[in-house]
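Just dropping this structure here.
Which chain is which? They are A, B, C and D, in the order written, and residues in each are numbered from 1.
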Amino acid sequence: MSTTVESQSHAHGDGHHDHPEYLQHHFDNPAQQESAAKLGMWVFLATEILMFSGLFLAYFIVRSQYPEMVLSAHEQLDWKLGSVNTVVLIFSSLTMALAVRAVQLNNRKQASLMLIITILCACAFMVIKYIEYSSKIEHGLLPGIAYAEHTIVEGTHYAQEGWWGGPQLFFGIYFMMTGLHGLHVVIGIGLLVWLLVKNNRGRFSSEYFTPVENVGLYWHLVDLIWIFLFPLLYLVK
Amino acid sequence: MSHEYVKGYVKGQPAKPAHEGHHVMPLKTYLAVFGALMVLTVVTVLVSQAGLGSASLAVAMLVALIKAGFVVGYFMHLKYDVRFYSFVFFSTILFVGIFFLMTFADINTRDAMSAEWGNKRMKLDAQANVPPKPKKIEARSSGAGEIKAPEPAGAK
Amino acid sequence: MATTTVEGHGHDDHHDEKSFWTAKRGLWSWLSTVDHKRIGIMYLVGTMAAFGVAGVLAVLFRIELMTPEIDFFVDGALAGTAEGWAAGKELYNKMFTLHGALMVFVFIVPAVPAALGNFFLPLMLGAKDVAFPRLNLASLYIWITGTVILLFAILMGQLDTGWTFYTPYSSSGTGPVILATVGIFVLGFSSILTGVNFVVTVHKMRAPGMTWNRMPLFIWALYATAVIQVLATPVLAITLMLLLVESLFKIGIFNPEYGGDPVLFQHFFWFYSHPAVYIMILPGFGIVSELIAVHSKKHIFGYKAIALSSVSIAIISFLVWGHHMFVSGQSEFASALFSFLTFAVAVPTAIKVFSWVATLYKGSISWNTPMMYGLIFLFTFTIGGLTGVFLGALSVDVHFHDSYFVVAHFHYVMMGGTVIALLGGLHHWWPKMFGRMYNEKAGLVGAFIVFVGFNLTFFSQFMLGSQGMPRRYAEYLPEFQSYHVASSIGSFILAVGLFWTLFYLVHAIFKGKKAGPNPWGGVSLEWATASPPIEHNFHDTPHVDASPYNFPEIDPDMVEGHH
Amino acid sequence: MSALGSLLTSAPILVADGSGGGFWMPPQASDFAVGVDGLFDFILYCSIFFFVLLMGLTVYFAVKYKKKDDNQRTSPIHHSFKLEFLWSAIPTVLMVIVFAWGFRDFTALSQTPPDALDVRILGQKWSWTIQYPTLNKECANKLVLPVDRPFTTTMSSSDVIHSFWIPAMRAKRDVLPSRYTGFTVTPTRVGTYPFFCTEFCGQQHSNMGGTVQVLSQDDFAKWVASKDCPGLDPESPDYGPRLFKKFCASCHTDTKDGGRLVGPTLWGKHNTMEKIVGGPDALIDDNYIRESILYPEKQIVVGYEGENMPAFRGRLDDLQLNAIVDYIKTLKD
């Protein structure tokens, strides 16, 4: 999945012959290329939103079927870590936006600085995520049959069998939502590093900053999904 | 029909070259938006502690929507960009809404048309001591014993 | 009469320019190409191969269904024993699952958009290529990967859940469902990427002067298809991911054994799969609009109505998926809602069919193979569409759901609609793609055989269904046998017709007469370049200042009164 | 003779008995069928009318305006608002009529009159168990009904989704493992009609059917009093075999020459040694049989790993379990 994202959002890097070097052969002028790339990115973001919508619907349905289980099960989640993660991600969204602004103003050094901060914030997000996951694994709060491993009655596959709609359902949803979101953060880190490398090589300028803008849009969407994910999973009483 | 050699159409008009007229926001606006997002995050956390009960879901969603508005409007430039991109974004939200609404239209009205039939069915099952909600069916009479959802011992 | 002018120096010095076939040589030039025409050809070969395999499977279990008992699939050693019959039925279930999965996910969703669409979208828009050429190549490789995984899963494993993967039957299984889910998960992304590519190409890459009302209707249909692909396929991806995680970790969103609701899976699945059937049929509509307009040399009747009905079908198709679940325990209120909206989507389709028939009025209709397939499409698709009304009505659907009536309905729409339109499109654009003309008489004979075989195969299944024969049955009551025998004979004729078509088309590539750039007298842009087209399509970017249906034969002052 | 099971052997042929069935539809055996056939005919005639109109025009135009020479002139008209409005409005009106008619009959399926005969139907991989809670009767793959008295079904499945369909009565509803579903129909015609499972449910899906026998009022009373389909009472000697037939016969055979269906044949297996997957060989004694019924995943015989037998814990009470184990122990020559 990640390869296509990279190839899609900056498929126009190496133009050739008399046009400006960043212009692709099948486009006629930079404006057409830039608006095509941005529209392509927005349509791609539409598919991301719809993909996550499936998970959000699964969450709301599990919540409507087993309200008290969800409320009791999400006590296990540490909302303080969640809040820190939210702040980290929103801050990285700011620095990403400033990076795009810096490229638009031809300030390459500031752009690189902002990109580095964004990458660091993203890594911090993943570290906090790792801490949360390891504490969950330790307590055995895992999805489905892996739930509460050590309380399994000896000899049976499942936890207490016939135990339907228990916390393992909530943690199934929790791990899928945060897992898929985490995967998108990792893909984002890959893209940002790629941007940083190209920026240091001076590929971007106020003339041509489409890849930076597209990765920025992608990163803001990842932040947007977390903005909805955080209250639903960690906070709602 | 004018034949001047301009190609590439953005919303029907020929596309203007990239660099001129691209809106760059002042630093002040970015920081202001960031401040607003921080405040709203704190508000979200406080609201959830306030224990509004069932309303807390609605309020949390409202606050999240406002934050999303800020991110999409300013950080993603939708406010200053060609209207078409906003159209793409909001039509996506529309289709997500269709998906949610129609699915819940089914789930929440399962026995609506024949409420008394649904209740009659519930009573019917009382004898079989196994309520219809997703339980093992036919766990009838004494031997099978009642199936409860015991709290996992080590989970706290 | 303004026609398309290819500006710049004269036409003569284009002949030395190499066609996209010969511009670059060698396997690597094909495998690493970003030329939309080559990718279109590779998709064409791939999807036709999948169509062939799935078609042969269909003929195999049609042979089995000629007799009420299971016998053709029972291998000799176990004949007559309970074990033999059980294994025979198991094989039958695997056969129809492979037939369904290959046809739906591998053949019919990508066939028209990715094969003909990839080839002709940029040509008809006057562009050099699609918006993201490398993404287009990535989409092809993702399609190949997905197909390989899916084939491996079904052939190796015991996948017998049908192409719909209903839980809990699918999630209680082990290996094969997981591998097949991954295969289709990957195939979904190929469809998303084609969709993204087409939406951006239509918006941003149109030739100067080509406003939305001057685009050929094939492009409108591909645009509407791309919108559905972009908006529906991600939900399939997440549904398969949920199914995957459910099978592995027994989470219990869909599996009732762990507290899930199987009807919920049907909601998730059909939210993609109903718009997917419009992904399959809309390109077919686009091809038929082209065929009927070009071969009757008449401006398409009601251009705006057809273009807007394509887009409105694309949108309304997201509101109607519940009509697959009227008897599945869905609430009566939701069933009523879905039934009403289903009829809303029937009206634009009816408008299209009426407009096509109206286009024939006072035209100059040439009886060649593409036009014959266009007329056959009107016949078979109208039956398919009208039988959809039966299935949309609540009470009648209670009787017909999951019976052979449904099988006949969707084959009339898919096979009678998309495949017939695809055959028409292939014949219509064969000279443009390969520079060679197929043998007209052979084409007409092939069209007739396909028409007879198709109707004989599937019309008898309507009566089967209404008389009470359920779907996906390896064995049935003896009194249904006569219908089944008729249907099986029809499928043999259809198979002969399709293989015959394959033969003379491939033969034409090498031995066919040379075809000029515009054999049918079309006016849209693809006929303004050489055939087969040069590598970057047009020598100079064409200017468009009139609708693509302004044929020279149209006589402006031939008004109502006299001929 | 194929193992089409009870469906073929005991079910008299549909057509022979179902006189009155037309070209399209089987005989009408319920009030709901009348509504369905009425709407079906209405849509059919409208469809035939429009189809003949369209195809007639198509063929007429294709012949009349056939291209004779290269510069044959064609008409410039390409839209007319009046015509386009007409052929949008008429289909819309027809569609609304069809929707309303369909909706009216559809809701009737869910309304239960108080005097309805209560029938509980349990679908389980490849056989139906029909219980009459008020009459203490239980039949396998056979539904006996009094004519002109509504009956309401309460259906549930113990493994995957099935679907209960009586073509003659046009009634169908999916049978879900997660909750009860049902419909209410009034049989109006004495006779014997087949019923089928229509939601794909695995290997023997095509054999998962049976017969509906609609009897006159007094015949039905006689049947209730008769010994046919007695309720399952633990004291009767055939309690074990009937339970075996209800729960196990779909996947295991209990006769000398019966081979493997899904699981192994259980004939002559008692007190023999079997190779177990990932474990020492096991003696098939009482304990092994009992444990394999309640926890099938614990000791799986080599060669049957992929079959994943459903677990019966929580579905069989001890009386039923003991009866089945005792019956399996008697399966030897």
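By our rule, contacts are C-beta pairs under 8 Å (C-beta built on N, C-alpha and C of every residue); 3 or more make two chains touch, one makes a residue touch a chain.
Keep in mind that what you see is a predicted model, and the values were worked out from it rather than measured.
S.K.: Ranking chain pairs by contacts, what comes out on top?
M.R.: C-D
S.K.: Which chain has the mean of its C-alpha atoms lying nearest to the mean of all protein C-alpha atoms shown?
M.R.: Per-chain C-alpha centroids ranked by distance to the global centroid put C first.
S.K.: Using mean Cα positions as chain centres, tell me which chain lies farthest from subunit D.
M.R.: The most remote chain is A.
S.K.: Report the inter-chain centroid distance for subunit A and subunit C in whole angstrom, where each centroid is the mean of the CA atoms.
M.R.: 35
S.K.: Rounded to the nearest whole Å, what is the centre-to-centre distance of subunit A and subunit D, using the mean of the C-alpha atoms as each centre?
M.R.: Whole-Å distance between the two chain centres: 46.
S.K.: How many Å are there between the centre of subunit C and the centre of subunit D, using C-alpha atoms for each centre?
M.R.: Here subunit C and subunit D have centroids separated by 32 Å.
S.K.: So how far apart, in whole Å, are subunit A and subunit B when each is placed at the average of its C-alpha atoms?
M.R.: 16
S.K.: Residues of subunit D that touch two or more other chains: which are they?
M.R.: 107, 110, 177-179, 314
S.K.: For subunit B, which residues are shared contacts with two or more other chains?
M.R.: 6-10, 84, 92, 95, 99, 103, 107, 113-114, 134, 136, 147
S.K.: Among the residues of subunit A, which ones contact at least 2 other chains?
M.R.: Where subunit A meets two or more other chains at a single residue, that happens at 27-28, 32, 35, 39, 43, 46, 50, 53-54, 57, 61, 162, 164-166.
S.K.: Please output the residues of subunit B touching subunit C within their complex, sorted ascending.
M.R.: Subunit B residues touching subunit C: 1, 3, 5-10, 12, 14, 84, 92, 95, 98-99, 102-103, 105-107, 109-114, 134.
S.K.: Could you list, by residue number, the parts of subunit C that touch subunit D in their complex?
M.R.: 68-71, 78, 81-83, 85-86, 89-90, 93, 158, 160-162, 166, 168-169, 172-175, 256-257, 260-263, 296-305, 326-329, 332, 335-336, 339-340, 343-344, 346-347, 350-351, 353-355, 357-358, 360-367, 375, 378-379, 382-383, 386-387, 389-390, 392-399, 401-403, 463, 466-468, 470-479, 549, 551, 553-556, 558-560
S.K.: Of all residues in subunit D, which touch subunit C in the complex?
M.R.: On the subunit D side, the touching residues are 2-4, 7-8, 11, 13-15, 21, 23-26, 32, 35-36, 39-40, 43-44, 47, 50-51, 54-55, 57-58, 61-62, 65-68, 71-79, 83-84, 87-88, 91-92, 95-96, 98-99, 101-107, 109-110, 159-161, 163, 165, 167-168, 170-174, 176-179, 181, 194, 196-207, 253, 258-262, 306, 308.
S.K.: Would you mind writing out the residues of subunit A in touch with subunit B in their complex?
M.R.: Going by the criterion above, the answer is residues 27-32, 34-35, 38-39, 42-43, 45-46, 49-50, 53-54, 56-57, 60-61, 64, 76, 79, 83, 86-87, 90-91, 93-94, 96-98, 101, 104-105, 139-141, 147-148, 150-151, 159-160, 162-167, 206-208, 216-217, 220-221, 223-224, 227-228, 230-232, 235-237.
S.K.: Quick one: in the complex, what on subunit A touches subunit C?
M.R.: 1, 3-4, 7-8, 11, 25-28, 32, 35-36, 39-40, 43-44, 46-48, 50-55, 57-58, 61-62, 65-66, 142-146, 158, 164-166, 168-169, 172-173, 176, 180
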